[in-house]
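Order of writing sets the chain letters: A, B and C. Residues in each chain are counted from 1.
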Amino acid sequence: MNIHDYKDLYVLIEHEQGILHDASIELLGEAKRLKEDRPGLQYQVVAVILGTASQAMLHELGQRGADEILYLKNEALNTFSTERHTQVLYEAIVERKPDIFLIPATVLGRDLAPRLAARCDTGLTADATKLAFDPDHEDSSLLLVTRPAFGGNLFGTIINEDKRPQMTTIRPGVMDKWPKQEEHRCTITEKAVSLDHIPHEVHILEVLEKDHMAVDIAKAEIIISGGRGVGNGFHVLRTCAEMLGAEVAGSRAAVDEGRIDKAYQVGQTGKTVKPKVYIACGISGAVQHLAGMEKSDYIIAINKDPNAPIFQSANIGLVGDALEILPLLTEEIRNYRERPS
Amino acid sequence: MNIIVLLKQVPDTTEMKVDKEKGTLIRAGVPTITNPDDLAGFEAALRIKDAQGAKITCVTMGPPQAENMLRELYAMGADECVLISDGKFGGADTWATSNTLGAYLATLDYDLIIAGRQAIDGDTAQVGPQVAEKLSLPQITYVEEIRSINKEKIQVKKALENRYEIIEAKMPCLITTLGSIAKPRYMHVREIQKAFDKEIPVITNEHLKLLPEDIGLKGSPTKVKRTFTKEVHKNSDVLTLDPRAAAKKILDVLLDNQYIGK
Amino acid sequence: MDFGLSKKQALSQKLFKDFALNEVKPLAQEIDEEERFPVETVEKMAHIGLMGIPIPEAYGGSGGDNLTYIMAVEELSNYCGTTGVILSAHTSLACAPILAFGTEAQKQKYLIPLAKGEKLGAFGLTEANAGTDAAMQQTTAVKEGATYRINGTKIFITNGGYADTFIIFAMTDKEKGTRGISAFIVDKETPGFSIGKTEHKLGIKGSSTTELIFKDMILPEENLLGQEGKGFKVAMTTLDGGRIGIAAQALGIAQGALNEAIQYTKERKQFSRPLSSFQNTQFQMAELQTKIDAARLLTYRAAVLKDQGKPYSTEAAMAKLYASDVSMDSTRISLQLMGGYGYTREYPLERMFRDAKITEIYEGTSEVQKMVIAASLLK
């Protein structure tokens, strides 16, 4: 493997029923950013898409930063199969020799990428949250890949010096999309691929709906919790939680007042939780409640009383009415997510 | 039915603390546990054994103290336990690890290999699929339920982000299991009494005869350039802001710390 | 003298801690408030081999040693004195005498199901007029050919309402005093046997404490445990072992109470600092832990002596005497350290405080323990 034979930034595009996955578009944006970060390399951004894609989809890939689209066409590839996708991509990699290959860290990506990397005899870094070219060598295409480990307690910067492609899966929701450029030059390389030579011993028999089942708040990453101060305003917390992808919990006072079910009680006589973020709304911070949440990574407290004990345990405290602040937070998050990109 | 379960002994990362000054993890005093996804996969294997009979072999690659974990697995009902351990295997990334595991597993008879989806220290979820690649086995990842299994095929329920899939694969194959696949049973007092008398063969590179460039640090295409801890600012300021400003402040905090994605 | 645990013992202890935390702790308050026997917990305990820890595998047990068994009682009692005594009474007072004094046929028929946890055991010695004065047995067992006719009433019998197999004591020969007492194994289905009233107690409220009523109950002579007239020895030997179990229960309660207080005083702030930063709090905890450790060593020593086949009666008495005393100190002081909250049902201390008291009373009062110890000193 002569690493100097490898060039360009490749991105795997996931799609479903005519819609490109957001995560893939984010990766395109990141590839574009990397390209512009080191123009001396003269790298192209190549979007790799398998299956069948409409003109609209291909057009959008160009608008989102792809200089070239490698369209590996076969209708059967619209359905994911580890065996087929791995082999098709492997053959493409052998032929095209990409220097960098970015794959979204979705369930599909995390199934495919390790297998593909092993077949290509190259290294793979998982779940990257940050990418950068090696700052110490301006001509180098060596990628410094930063990712969390130890449950998020530690970050590591990983390099793959001797093997190519440099492969990494990237967390959805972390990278930025490239703002849609109406006019962006993009060539399409379409190849019909045959799957006859590839074993196909894994079959999807059925697809089932996933509904939002009863939640174990102990497993939530973000919790918005309401106390006496919220009164009957829990619907405000729920709306905000939905926007945040969070779960709603309550203090004992809220449970006793019938505002929320006991299954969601946090505290001495309820559950102990250790989420990444605990937003305590209208909770005074009595010792019984603290016992249930003080090990949260980051505690945000909102309370009308500036002397509420909860402020002593919070990472950040905001004096105010949670029922006024949360709807605005919901709005701020929505605006942020929908900001023109 | 011969089932092999791959397990890893890991530090309990939920109990881990960070040395903010040095930017490192404080490992002293952190208990070790069996990686939860792996343990759940092992329980799934035990249930197959209970239902239709099977021989369960637990394999781990790790330092000598991984033996403690294997004793616990014996006490839970494992039939055989093997420790792959050699200084030369140390420092391996997932590629080198899979190489080593694959070399050993290739010497065994099996119908099914179960690996946990990911380990709570490395968090890569790569070893399972890479071992499958080494052994040229069909793979199914993110398995939440084993619906049926026999020597010809296995049928499982796989959990994706927004749906489930019922998938069937030809045996032999490898699956990676989610922690939710099965709640692990307790050890049995009677089995604990016997666990320390059972044999645990230790496999070294003397047995596997892998080349130095294929194992350990040398055999790892990915290397750690540096590690660091996250800055979490303990802001003990209590701010009085108007509601809009307060909302913006919360959003900033969530974004800055990457608690929500962009 | 090795004060460490063997690997088997350490791993067993890990299992017990895990089980107690996940299965026992969540139900402790509820079974106390509802005065409910934790049937589901006992089933789970049976499932993992807890109900026959020191019984050989050949008799359905787990083949462990007495120290391991004692640690199980301790760990369960950390969170729930009721669950601890259920295990202790079953193992020390029902399984152990059959193992020690039973015929092979009796072991096959009665010990195996008990050790497997398929059946629950109990021990019926105490009567209305025979508490500390245990020899004043008024239950009679009249031999009639190949059977015995039993009449009488037992009181305060732990596990009474839920046990399947009872070790009971009755006078086969009133003339002979203590040498006229015999031991029997009784199955609860035996005609003439019924459960009388259930006691409502200060503590260990989930423990089923009942009367046993024998009205012309007929037992075949195969159910005689040990020899006729040797029943008192069966009782006393059995209680020697039972004492270690109660010591472990007291020890568990003592440690559990202190653990709660430590946790609480770290969180609770007054005068702008956690309670645990005050020297008064620290000193009280230091003293308590020292006493608890001493109780632990006494208890473990008695268990080890029993495992070694050495005499352990005095040491067991010392363990129970001291551990029960420490459990009273620990629950009282730990509750005090938790102040008003400690007195409410939001925290488990008030239950532990109520649970501790019985350890100074049953299976030989503290006074009886002192009699045993004094007798050994003065012989």
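We take it that a contact is a pair of C-beta atoms (placed from the backbone, for glycine too) under 8 Å apart; a residue touches a chain by one contact, two chains touch by 3 or more.
Nothing here was measured: the structure is a model prediction, and the numbers come from that model.
Ranked by distance of CA centroids from subunit B, the top chain is C. The greater number of contacting C-beta pairs, out of the two interfaces A-C and B-C, is seen for B-C.
Averaged C-alpha coordinates put the centre of subunit A at 21 Å from the centre of subunit B. The distance from the centre of subunit A to the centre of subunit C, each centre being the mean of the chain's C-alpha atoms, comes to 55 Å.
For the pair subunit B and subunit C, the distance between C-alpha centroids works out to 41 Å.
In subunit A, the residues that touch at least two other chains are 312. Touching of two or more other chains is recorded for no residue of subunit C. Subunit B contributes residues 11, 13-14, 16, 18, 24-25, 93-95, 98, 120-130, 132-134, 138-142, 155, 157, 159-170, 173, 220-230, 232-244, 246-251, 253-255, 257-262 to its touches with subunit A in the complex. Only residues 26, 82-83, 86, 106-108, 110-111, 113-115, 117-119, 122-127, 129, 144, 147-163, 171-176, 199, 201-210, 221-222, 244-245, 274, 276-277, 279, 297-298, 300, 302, 306, 311-312, 314-321, 324-326, 328-329, 331-333, 336 of subunit A touch subunit B when the two sit together in their complex.
Interface residues of subunit B facing subunit C in the complex, by the touch rule stated above, are 71-72, 75, 185-193, 195-196. Taken in their complex, subunit C has these residues touching subunit A: 263-264, 267-269, 341, 346-347.
Here subunit C touches subunit B in the complex through residues 7-8, 11-12, 15, 18-19, 48-50, 53, 57, 61-64, 68, 72, going by the rule given at the top.
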